[in-house]
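Got a structure for you, questions after.
Chain lettering (A, B, C and D) follows the sequence in which the chains are written, and residue indices restart at 1 in each chain.
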Amino acid sequence: MKKLKLFNDPIYGFITVKNPLVFQVIEHPYFQRLRRISQMGLSYLVYPGAHHTRFHHVIGCTFLMQKAIETLRLKEVDISPEEEEALLLAILMHDLGHGPFSHALEGCFVQSMGHEELSLKFMESLNEQFDKRLEMAMAMFKGEYPRQFMNQLISSQLDMDRLDYLKRDSFYSGVAEGNLNAERLISMLCVRNDQLAIEEKGIYSVEKFIMARRFMYWQVYLHKTGLAAENILVKIVKRSRELIRAGKEVPMTPVLGVFMKNELTSESFEEKYLEAYAKLDDTDLIHGMKAWCNHEDFILSYLSRSIVNRRLPKVVMSDKPFKRDEIDHIRKKIGTRFGIDKTELDYLVYSGEVSNLAYKTEPTGIRIALKKGETIDIKDASAYAGIDGLNQKTTRYFLCYPKKGT
Amino acid sequence: MKKLKLFNDPIYGFITVKNPLVFQVIEHPYFQRLRRISQMGLSYLVYPGAHHTRFHHVIGCTFLMQKAIETLRLKEVDISPEEEEALLLAILMHDLGHGPFSHALEGCFVQSMGHEELSLKFMESLNEQFDKRLEMAMAMFKGEYPRQFMNQLISSQLDMDRLDYLKRDSFYSGVAEGNLNAERLISMLCVRNDQLAIEEKGIYSVEKFIMARRFMYWQVYLHKTGLAAENILVKIVKRSRELIRAGKEVPMTPVLGVFMKNELTSESFEEKYLEAYAKLDDTDLIHGMKAWCNHEDFILSYLSRSIVNRRLPKVVMSDKPFKRDEIDHIRKKIGTRFGIDKTELDYLVYSGEVSNLAYKTEPTGIRIALKKGETIDIKDASAYAGIDGLNQKTTRYFLCYPKKGT
Amino acid sequence: MKKLKLFNDPIYGFITVKNPLVFQVIEHPYFQRLRRISQMGLSYLVYPGAHHTRFHHVIGCTFLMQKAIETLRLKEVDISPEEEEALLLAILMHDLGHGPFSHALEGCFVQSMGHEELSLKFMESLNEQFDKRLEMAMAMFKGEYPRQFMNQLISSQLDMDRLDYLKRDSFYSGVAEGNLNAERLISMLCVRNDQLAIEEKGIYSVEKFIMARRFMYWQVYLHKTGLAAENILVKIVKRSRELIRAGKEVPMTPVLGVFMKNELTSESFEEKYLEAYAKLDDTDLIHGMKAWCNHEDFILSYLSRSIVNRRLPKVVMSDKPFKRDEIDHIRKKIGTRFGIDKTELDYLVYSGEVSNLAYKTEPTGIRIALKKGETIDIKDASAYAGIDGLNQKTTRYFLCYPKKGT
Amino acid sequence: MKKLKLFNDPIYGFITVKNPLVFQVIEHPYFQRLRRISQMGLSYLVYPGAHHTRFHHVIGCTFLMQKAIETLRLKEVDISPEEEEALLLAILMHDLGHGPFSHALEGCFVQSMGHEELSLKFMESLNEQFDKRLEMAMAMFKGEYPRQFMNQLISSQLDMDRLDYLKRDSFYSGVAEGNLNAERLISMLCVRNDQLAIEEKGIYSVEKFIMARRFMYWQVYLHKTGLAAENILVKIVKRSRELIRAGKEVPMTPVLGVFMKNELTSESFEEKYLEAYAKLDDTDLIHGMKAWCNHEDFILSYLSRSIVNRRLPKVVMSDKPFKRDEIDHIRKKIGTRFGIDKTELDYLVYSGEVSNLAYKTEPTGIRIALKKGETIDIKDASAYAGIDGLNQKTTRYFLCYPKKGT
């Protein structure tokens, strides 16, 4: 009797992994590391249920990919067994390159190298270990496979990644509004001229999907408290580096040390750094912050305690940039209160902006396959004027500074 | 030990009714009739789970009203026990006037009299039976209570009615996209200058609510197949009346007869008709249609069979009105096929339009209470340009005619 | 592009029907009738959400059957396309014979003929209409197909019927405790010596399933108020028949008349009666009860009003039979109150018993496939002594009589 | 406008904290530490969704406690505002003493001191910090408050702790079978002779609750793979201590060092250790294991890699103890394979037992308040013989050893 590999998922029920190579990749230490990478960075400081991991997200993506393959085949789209395997592998490995706290520290460890570039490094290494059997998956991941719609299932504005993360993040954070009907969207997938598209009757579902995404950005991903926490994380990394450069002792795990002591870029990124990166996860940072709560440097210890004990700053949001004198006023007050100088003040009082573009028509938007045969952009298909508005970037500004008594 | 009156609700869990007068109204036959009125008309022909009733919806509304009262009191809005009772009673009774299949046949039985006017008739009768204890509730229902925000909890663009029906209809139809977070919206309710408002941080939730409503309209309430079914229902009523006027025998229940044989208007609507209406429900119509499946009149029997055996017509939807010659072409084909004349053809081939306005600023929109003290319309509060687009009516056109082989 | 037939299900999401013959059977009027048969009889008088229908249940069963087939095939059980179709058809049609309010009136219309025998009559008729293509399905339904495990998927103590109805009834009634993990149970199905079995690791799930079933029986199916309502239904049918025999006029629909005026048995059940039965549903009974609320016969009108206006009797439950003098005392009081004689009293004061056997080892229980190769009964596999207790019938007694003021 | 403190919970929706002292305790670093303690130990290696924390569980408990207080007050049980506050505080703080991975390492850091004793230490410290305002809560936690039923809401076989953890663990692990209807159980709570009891009609719910608990134990808490992982954790701690005693260098965080280098008992547990314990969480252990993956001691590095890379051993379960020669045979094979001696073998090949008692009548069971006035144990109230079986301990045996190729 053949044994099924099952993963329990509160969202989709059981996820069955039938393909042996897919299962072998899941068992690889590179992949198991994702169990220690928080899917939503520090959002759990705002949404206490949001402790799910990249690992679980990626397993969920393969489930949706399997469903998409089934649907397209029922609609007589030809997908070979090799292509099926490659699609599953590509979506499975697409997040391998994420570092501690996912997006929160993106670009902090290896300059100008996003998580996708790092994912590719891991894939190259795995490809060697698995006898070059990942090449088709890598082509799809890079968008270079000849059949466009397959590349789009991996990465586009309606890919299996987005469908899973919106649904999963909504579920675990308890923000019901972000829930979307992945099944309905998948059931309406089709292929037109080698492009992934949605059947005409799915227009409302696509609108709804875009709005859910918009909602999740402002309510969850860019929630002001989470934003503040993640800014602090970046500042902690920055301060540590400064102290190290200044010759101070800053205790940390050896793998974190590799990335804090060296200024790596995509050019200088060698094999050995990949092996270090493969060991780096959330716990290296938490270990650091816990250790630094009593560090002699006031800034480092203050910021570390903010996270460890959840003493987060006051955050003011605005539709307009904050005025210079408004900020200066606060800087002065805080400077006096803590007796710190101008450069140090930048660690405690800071402003910035966040923006979100719910939907982009460029390079390719979401296509609607009209019954009459044409394929048009959702922006043009929707009777609803507002969808166009979503194609405009919304920017909001924030200002953070220590709360009274913290 | 005091006994609690509980209703099991798959959506909210347990609904506890603590107020004895509220419970007595629930037990009244006028109210029990709502158990036989489908909340979503004939939508169950499209969404097989949508068999829930007006009864359940209204019980759900009282649950949300109780939550809203609790929230407002925590925010130090003063609500007296009498006002609490009146709010619960008003929302409880607001749908008493619905007839068979809820909105589907609205206005068909008593001309120019909507379900709200009929609800008021029932309330007046109950008020007599309950020693004039429903007067404050009636004032709120009519929007005449001096405290505006209470009237708005009963009826406005963000009232407890809408919160429950969107959530409930979404739940039972299995259209997850319409699900909304009623709890979050209620937790952000507040009162400003005696007007119901939503705290500033609720802007995204309100946007989301409006989009969910829009989605439910196009995907569910105005679903083309459900639309066709409900149009047939109206035509069946019309045809029966014609046949009766022509002296033909059309078997039906006595209470349905009252409304089919008399042409009632809001002027001629007397006490005795209210008693008949109090006995009219979905089953009178289903009984009729089942009986008429073999009626000698071809039109009546054809239409009745369409519903009873679910042989629904072909429905074409369009953003533009159908052209005269397009319709004529189909009329001709169907006329030949069934051997029927022009007036009869109107029963089998028909076009029409449906429209939906997801959000109205008039007479009063949804107010956002800014932190700075001002209260502005969601349309102006939202950074998102599209919300304005929702303030424009969308109209779609449909054309129905018998499918091949039916 | 091939079109998929989809049913929206709040429980399973989308149900896709791929097989054309299965879809044709669903479209047949015999099958559409199930839309008008309440899955849980009058339980909606207790659980206001429980308005789901036999139609939806049966569609759900086919979904689970499809899953079971997929699982078994993954475990290398050979199932041919013909067998797959037959399995889907058999489970689809297994409830065709249900009459008004499902089990509540079972055996009231055609003596000694259960709904299964009637289902078979419908299948025979459909088999003729569909060119004898249902024969394999019928063999499975009758338990006569050579491959035992297939018959068991249709009917056994762990068949797809039970898995769906427990889950569905739990969902719609809002009684979360009855919810079971159908997916997990199905994922552990296997075949041993041509018998359906559950893998050893599924022991706890099977225990849990049996307990959920037990819970649903006592909390929902045999809920005392629902029990009283269904007893009244039976008494209404009985009283109508008596009045008809006594020559009184009792208005009712013609199809209901067929079954009230004739005393049909499985011997006298002819073709023409099947056609009448194919038109009989809940609304015929509701129509009757509404009409009889003002019938001149006090008993018939009293009982009809009990249901229509939900004026249900007092119900006392006990673990022991009620004593004769206890009952007599109440009969006397009620007799005096309503001024009715002894035979009529039987309609208003009555006792009875209900019993439930959560699990039966006979004729075949639920088999556990041990890793070592043996297959044993769950009763013997379970380390938990209590499972044996479930193999004993529990009986409870009830006594009903009019409440004060009703 | 008063500001509400809200926590988003995917299970209960919004949890509102109204009491300021309760909120202050939540903000204390002792309490924030619970955000870094996995509620279910290493179960997430089996159920990838089970990453929820003690923090979230305890917030959930206060929600249920608030519901229980409301229900009892509706039933005219007198609960003063001071008692309400104390009940909320007591349940909030009851898990403060949990260490890394909750139960998995219970007793490993401070000998013979369970998490409850440690919770009390934390409460004593907080009581000082909060001006002795926690004394009533502490009395309840210790079971010494004069009103018994209050102590029982904190700790008994049907306390708010159990209701939350079963529901929450079931939710996050995706094991739907463990889901219970906490609301229904709470709605049936009552007080008889100062004892917490369940109304008679709740018998089936209590049975169901006990079975759900039993299910969760065997399916989740004692899942063989999770069991193996947690045994490894204990062995890692043991091995580290051995190496330290032998003078080897074992890198670890200073707080972990406190507990690894000292053999603390409840007698030697001083103030300073509490402060160290207040900084100890899951990440200290994970940090250790990651560091030790390449430790020169083969046993320590092998075991650490088992967890970090999820290379878990083979686990065989049995109803009977494993025979000596069966174990010896495996020991020999593994000894040869890894070239290790007898004492080291104990780290890689080991057997043990787990047992679970789903329900205990001693010291006090779950009481059912009969309508007639008596209060009896659920064991006697249940018509179902099996409940008695649950009162017997079930023991299972396991044997673990390295899988091939690991």
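The rule we apply is simple: a residue touches a chain if its C-beta (ideal position, glycine included) is under 8 Å from a C-beta of that chain, and two chains touch if they have at least 3 such contacts.
These numbers come from a predicted model, not from an experiment.
Asker: Among all the other chains, which ones are in touch with both chain A and chain D?
Answerer: Touching chain A and chain D alike, sorted by label: B, C.
Asker: Tell me, please, which chain's centre (mean of its C-alpha atoms) is farthest from the centre of chain B?
Answerer: It is D.
Asker: How big is the gap, in whole Å, between where the Cα atoms of chain B centre and where those of chain C centre?
Answerer: Each chain reduced to its C-alpha mean, chain B and chain C end up 32 Å apart.
Asker: What's the distance between the Cα centroids of chain A and chain C, rounded to whole Å?
Answerer: Chain centroid spacing, chain A to chain C, equals 49 Å.
Asker: Provide the C-alpha centroid distance between chain A and chain B, rounded to the nearest whole angstrom.
Answerer: Taking the average C-alpha coordinate of chain A and of chain B, the gap between them is 42 Å.
Asker: Using the touch definition from the top, which residues of chain C touch two or more other chains?
Answerer: 13, 175, 181, 184, in rising order.
Asker: Flag every residue of chain D that touches chain B in the complex, lowest number first.
Answerer: These residues of chain D touch chain B: 1-2, 4, 6, 13-14, 16, 18, 71, 74-76, 181, 183-184, 187, 190.
Asker: Write out the stretch or stretches of chain A touching chain B in their complex.
Answerer: Listed in rising order, the residues are 175-177, 179-181, 184, 204-205, 207-208, 211-212, 214-215, 218-219, 319, 383-390, 392, 394, 396.
Asker: Where on chain C does chain B make contact in their complex?
Answerer: Interface residues on chain C, with respect to chain B: 7-11, 13, 27, 29, 32, 35-36, 44-49, 51-53, 55-56, 59, 171-175, 253-254, 279, 283-284, 286-287, 290-291, 308-310.
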